[in-house]
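This structure is in structure tokens; I'll ask about it shortly.
Chain IDs A, B, C, D and E follow the sequence of writing; residue 1 opens each chain.
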Amino acid sequence: MNDKQASKLVVDQVSHRYGEVAVLENLTLEVKVNEVVMLVGPSGCGKTTLLDLLSGHMAPVSGKITRQGTARTVYQQDGLFPWLTVWENVGIGLRSVPDPKQRDDEIAELLELVNLTSFKNHYPHQLSGGMRQRAELARVLAGDSDILLMDEPFSALDYQARLTMRRELARVLQKRPRTVVFVTHDIEEAAQLADRVLILSKRPATICQELPITIPRPRGLADDEVVEAMRMILRALGLNNTDGVTV
Amino acid sequence: MNDKQASKLVVDQVSHRYGEVAVLENLTLEVKVNEVVMLVGPSGCGKTTLLDLLSGHMAPVSGKITRQGTARTVYQQDGLFPWLTVWENVGIGLRSVPDPKQRDDEIAELLELVNLTSFKNHYPHQLSGGMRQRAELARVLAGDSDILLMDEPFSALDYQARLTMRRELARVLQKRPRTVVFVTHDIEEAAQLADRVLILSKRPATICQELPITIPRPRGLADDEVVEAMRMILRALGLNNTDGVTV
Amino acid sequence: MTRQSSPPSTQKVSSRLGRFSSILVLLGLILLWYGISALNLFPAYAFPSPASVLVSFQEELTAGRLLNDIVASLWRVAIGFVLAVGLGVPIGLWLGQHLQARQALVPMLNFFRFLSPLAWIPFAILWFHIGDKPAIFLIFMATFFPMTLATMVAVASIPSIYFRVAKDYNYSGIELLTQVTFPAVLPQVITALRMSYGIAWVVIVAAEMVGCQDGLGYGIWEARNGLRLDSAVCYMIVIGSLGMGIDRLFAELTKLPAVRWGYER
Amino acid sequence: MTRQSSPPSTQKVSSRLGRFSSILVLLGLILLWYGISALNLFPAYAFPSPASVLVSFQEELTAGRLLNDIVASLWRVAIGFVLAVGLGVPIGLWLGQHLQARQALVPMLNFFRFLSPLAWIPFAILWFHIGDKPAIFLIFMATFFPMTLATMVAVASIPSIYFRVAKDYNYSGIELLTQVTFPAVLPQVITALRMSYGIAWVVIVAAEMVGCQDGLGYGIWEARNGLRLDSAVCYMIVIGSLGMGIDRLFAELTKLPAVRWGYER
Amino acid sequence: RYRPFTGSGAAVVHKGSNKHADRELTVGFLPVTCHLTCPVTDFASKTTATNTNFNSRVFTDFPTVVSALEAKQVQATFMIVPLAMKLREQGVPVKICYLGHRDGSEVVVGKNSKIRSLVDLKGKKVAVPSLFSNQNFVLHKLMVDYQMKPTDINFVVLPPPDMPTSLAAGAIDAYFVGEPFCAKAELDGIGRVLYYARDIWPSFISCALVVHEDLIKSQPDMVQDLVRGIAQSGAWAETHRAEAAKLVAPYYRQDEKVLKYVLTADPKRVSYVNLTPTDKDLARIEDMGLSMGLLTKRTPMDELIDRKFVPDVIREAPIDVAQIPSPKK
């Protein structure tokens, strides 16, 4: 599992459509092992679709996708099993751990990390939107998987929680590097976490710009390079000067 | 309906709990007519619960809530009727409009506004997360209601769409002022849209700070006052200096 | 599960293959039947052979009886079932939304649900005399209660958010029922419809005991009383095929655009 | 709808009120019955009075027959139904997930679904002789197919995301069926359970025609043969009440924590 | 309701050339040979000159017949005699006006079974069509004669059509029922006759023509017609057995072969003459029912029987054999 070739992701000339709606057009992309790729693009352009293709949940209409290694996804919405408690939901990634004690410890630690310890016996429908998202985050980090696909995983979190989660994710990835494809609308997030940022065009989506971000970690929010990266991303999104945006 | 007293919202000593979980504690709040109040607070603190109480969908365990005027909500998740197309969903707020032509025109205009014209005949399950959110936004803006309750309505939108929606919302509110209670995790949003920002504490939620924002409109993102307001909100959230946050 | 993603050509192939395999299964069943009866495992009078059933099928068909019986039974089932659905679904929707009414009436509805049409026969004759009407009554009694209760239970599983939205947009009364509650449970109502429709056909044999002079159920009775097991099997096959065919129509309902959300999410 | 928000005291009051109103409704029904029979709208032999039913109830009870019949029928229904559910639910789950198998087998299952237990009787006797076994077989035949198909249809309505998650976490085979598919359809399976359970009781009268010497269905049969409509009504009341009571137990299943999500969202 | 093919099938036997009849009466029956005179009368009323068209209406089982009679949906019907007594006992105003046939029932045992007499049936399962059937009564009477206890035999109530199968499957050891359910077992090689009814109870009665008193009061001449028709049909059937089998086969939807076997194999098997109910016959049945506890009170015979419609001279019905439709192939 820690084989260097284990987590390759290659997208080769992939197009996808739902009936009439063309969503991806001739997309080619290679994600390197343990690389963190952030996807940024307009709403409805096909980011979720791309993740579904990467994880193998859907087959592309044309083109080829190669995936090596096991992938897990943080879904954009409601990926928790509603019939399991938070504790049990997090536990499903650890079913293969033979020692119950070790399993329980790991679950407890993850719940601590996402600050849901006191809600471990709640069912998903008894949680707030942000809490559900955090539970899903804990679940995806449990156990061992080579690839993480994350679809706006922090979108329902408050600013502070977002910062914490970002930090924790970085910490977890440092301990156990993984290949990550991460969809976000948050420029800060992209600049702080990415090895590479891909800017997608409007639907049908193609990669209209690729920004490698080579800033050494840890990256401070106010570091010049990070601020510069953020500005770069905004520029790539066609938002050269948001300062002028008035409401 | 345009009666000045029509859209009063008063929360008086309200507490709420789900079983063991105390969510709101002795909350008192008055939203003035046509005021835009933004709620900011940690995930799971009780913002959605407060909106549910304000809209009358739930009754508080103790305390009293007075609402004058009709309220409509943008729900945090999946508020569209899955059995109706986007067009029909937006149309449900306009059922009382007698003239079909006028109704169709208004629906078309709103779909244009949220950039969903080409998806008008799609069903919600055929839309992306952000598109669903935009459709819900269009629906809530259709027709006449006195109070808008918005639960992180832009959370699934990309940065650019967020800016657009913010601007459109402001424009709609200028044309037809309404009382708005708006939950957000986006500090920019709060600073640009709010007449008053309420910072909620952790669960059980109380109002731990109130920030009136009196900056004249239009408000530019880079305006000093707006930047200052954002800083103020961050400070109120206990994030005095996020610059030091490293990942 | 990710049906929408499989390209259309695959789908067509698999449905053709599906039809083919289902025919294979049915053929296999017939072969099995043929084999058993050829091996004389059971005596012929107690286990009619496919050939004898075919002969009696031809007989009934040329005598015109079979078609007459089909029309008669279809008609009775249709009336009884349409009445049951037409009353049961609205009542179920209404009960689903009114706790008070539910608590008051459900025990009664539940009580009647468990009564066999065979037990109702004396009353059916007393109230509706003999012929079509009591048969329709019996079919109604057998399908109305399951339909009502299934609808009612389905309403309980509607996510509350739809009712919240409905309240926001001033839905109430009949409009709430028809525009929100009903579409929200429609996928489950279609399932309930298919189940109750099965009950209606199962009950037809009992229902046509009440002095009917035609109908498929009556045909089975007559065949049994006439010691013609071959003809009984022939009628069973007709009932099964007819039921199956009409169930396909109901299954088509699940393809309505306003229902797809129940299956495609 | 916003049940979770109403304070507990209100709930308790409303449930007490509910029980009260349901008793009122039942009392009203009995009164109506009493009134009709007192008015002599129908001759007494065709429409037994509550008093005569009460007398025959007492008779059957003191003779020990009634209790015996209840136990016999409960046992048959229990065995037949448990078999049907025990086979039907897994098969339904499996079919729901295998398009190929579904396409091949559903027409056959659907075919058998429409066959009346009354039509099966000759075969039941041939294969299972008389007594308990054919009765159980008939109950099984009447409930297995609806249960299987309802489960299968329910699987089709599972949101695809659960299967995606399951795939992410390496669920497959039996584990997928028991840990994902089953809990995902459990709320709907409980509904199907309640519906099929109703069918099982409805069928008991037909099932106990095949040489049973006891049982509630046989009791009705005997009462009708012996022109004892009062005793038939007494048995109907017992069947209805028993069914109703056991349905309450099934309704309790909807309160399981792992099922609440189906009703509280 | 839309009815295709009204001109064919079962309907054919309801229409005929008799233009004389200006009124109709529905008479209930079950497809057993005991009720054979009912469809014969139906046929005769439509092909010969009578005043009433008799429509025979087939039922599936006796309880339903009873319900229909109680609801006055049929006012004349054939039914097992003890059931008629029970009806009368319960205050349903019905009268026995005529009988169905004599004998016509057998105790059947497995073809290769070693059972030679009733005593051999000790501890075995014996099926009867209903507790209120005369078969059940008579068998109990025979047990008394053989000094057996009522519990020596396990009686099972089974619908008659299921009896041959049950016997073949070994589910029961014997059954006692009316024809043609015995002949069927014989023809199929399942069973053999242990006792003919006449061996146990000479001039055995199974079923009778039961008429509602309302009809007797309101239209006595119609009842007169009916009883005369039935009696004449019986007389005709007694001498035209093969033709009778052919005539009723479509009414019964039964195999003509079985019916023909019942009627012709042994002329003593069934008999359609001497069908006027006598007090002695019925009193014996009533006694048996009372002693078995199935009947609870004695009904005076003059309340139960109405013989005034039985014609003094019973002629054969003038049925034109040529008019009997041949089965289509």
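Operating definition for what follows: contacts are C-beta pairs under 8 Å (C-beta built on N, C-alpha and C of every residue); 3 or more make two chains touch, one makes a residue touch a chain.
Keep in mind it's a predicted model, so treat the numbers as computed, not measured.
Following the contact convention of this document, B, D is the list of chains adjacent to both chain A and chain C.
Between the chains C-D lie more C-beta contact pairs than between any other two chains. Distance from the chain C centre to the chain E centre is 37 Å, each centre being the mean of its Cα atoms. Distance from the chain B centre to the chain C centre is 48 Å, each centre being the mean of its Cα atoms. Inter-chain centre distance (chain D to chain E, centres taken as mean C-alpha positions): 39 Å. The set of chain A residues that touch two or more partner chains comprises 18, 52, 57, 77-78.
Taken residue by residue, chain D touches two or more other chains at 2, 46, 121-122, 126, 160-161, 164, 221, 224, 262, 264-265, whereas all remaining positions touch fewer.
For chain E, the set of residues that touch two or more other chains comprises 63, 67, 70-71, 159, 161-162, 165, 168-169. Chain C contributes residues 159-162, 164-165, 167-170, 180, 183-184, 186, 257-262, 264-265 to its touches with chain B in the complex. Note for the complex: chain A touches chain D at residues 52, 55-57, 70-73, 75, 77-79, 81-84, 92-93, 95, 123-125, 145. Against chain C, in their complex, chain E makes its touches with residues 1-5, 8-10, 28, 30-31, 57-61, 63-64, 67-68, 70-71, 73-74, 159-162, 164-165, 168-169, 180-181, 184, 188, 190, 252-255, 258, 328. Of all the residues in chain E, the ones that touch chain D in their complex are 62-63, 66-67, 70-71, 83, 86-87, 90-92, 125, 127, 130-132, 156-159, 161-162, 165-166, 168-172, 294. In the complex of the two chains, the chain A residues touching chain B come out as 18, 40-44, 47-48, 76-78, 126-131, 133-134, 152, 155-163, 166-167, 170, 185-187, 192-193, 217-223, 234, 237-239, 242-247.
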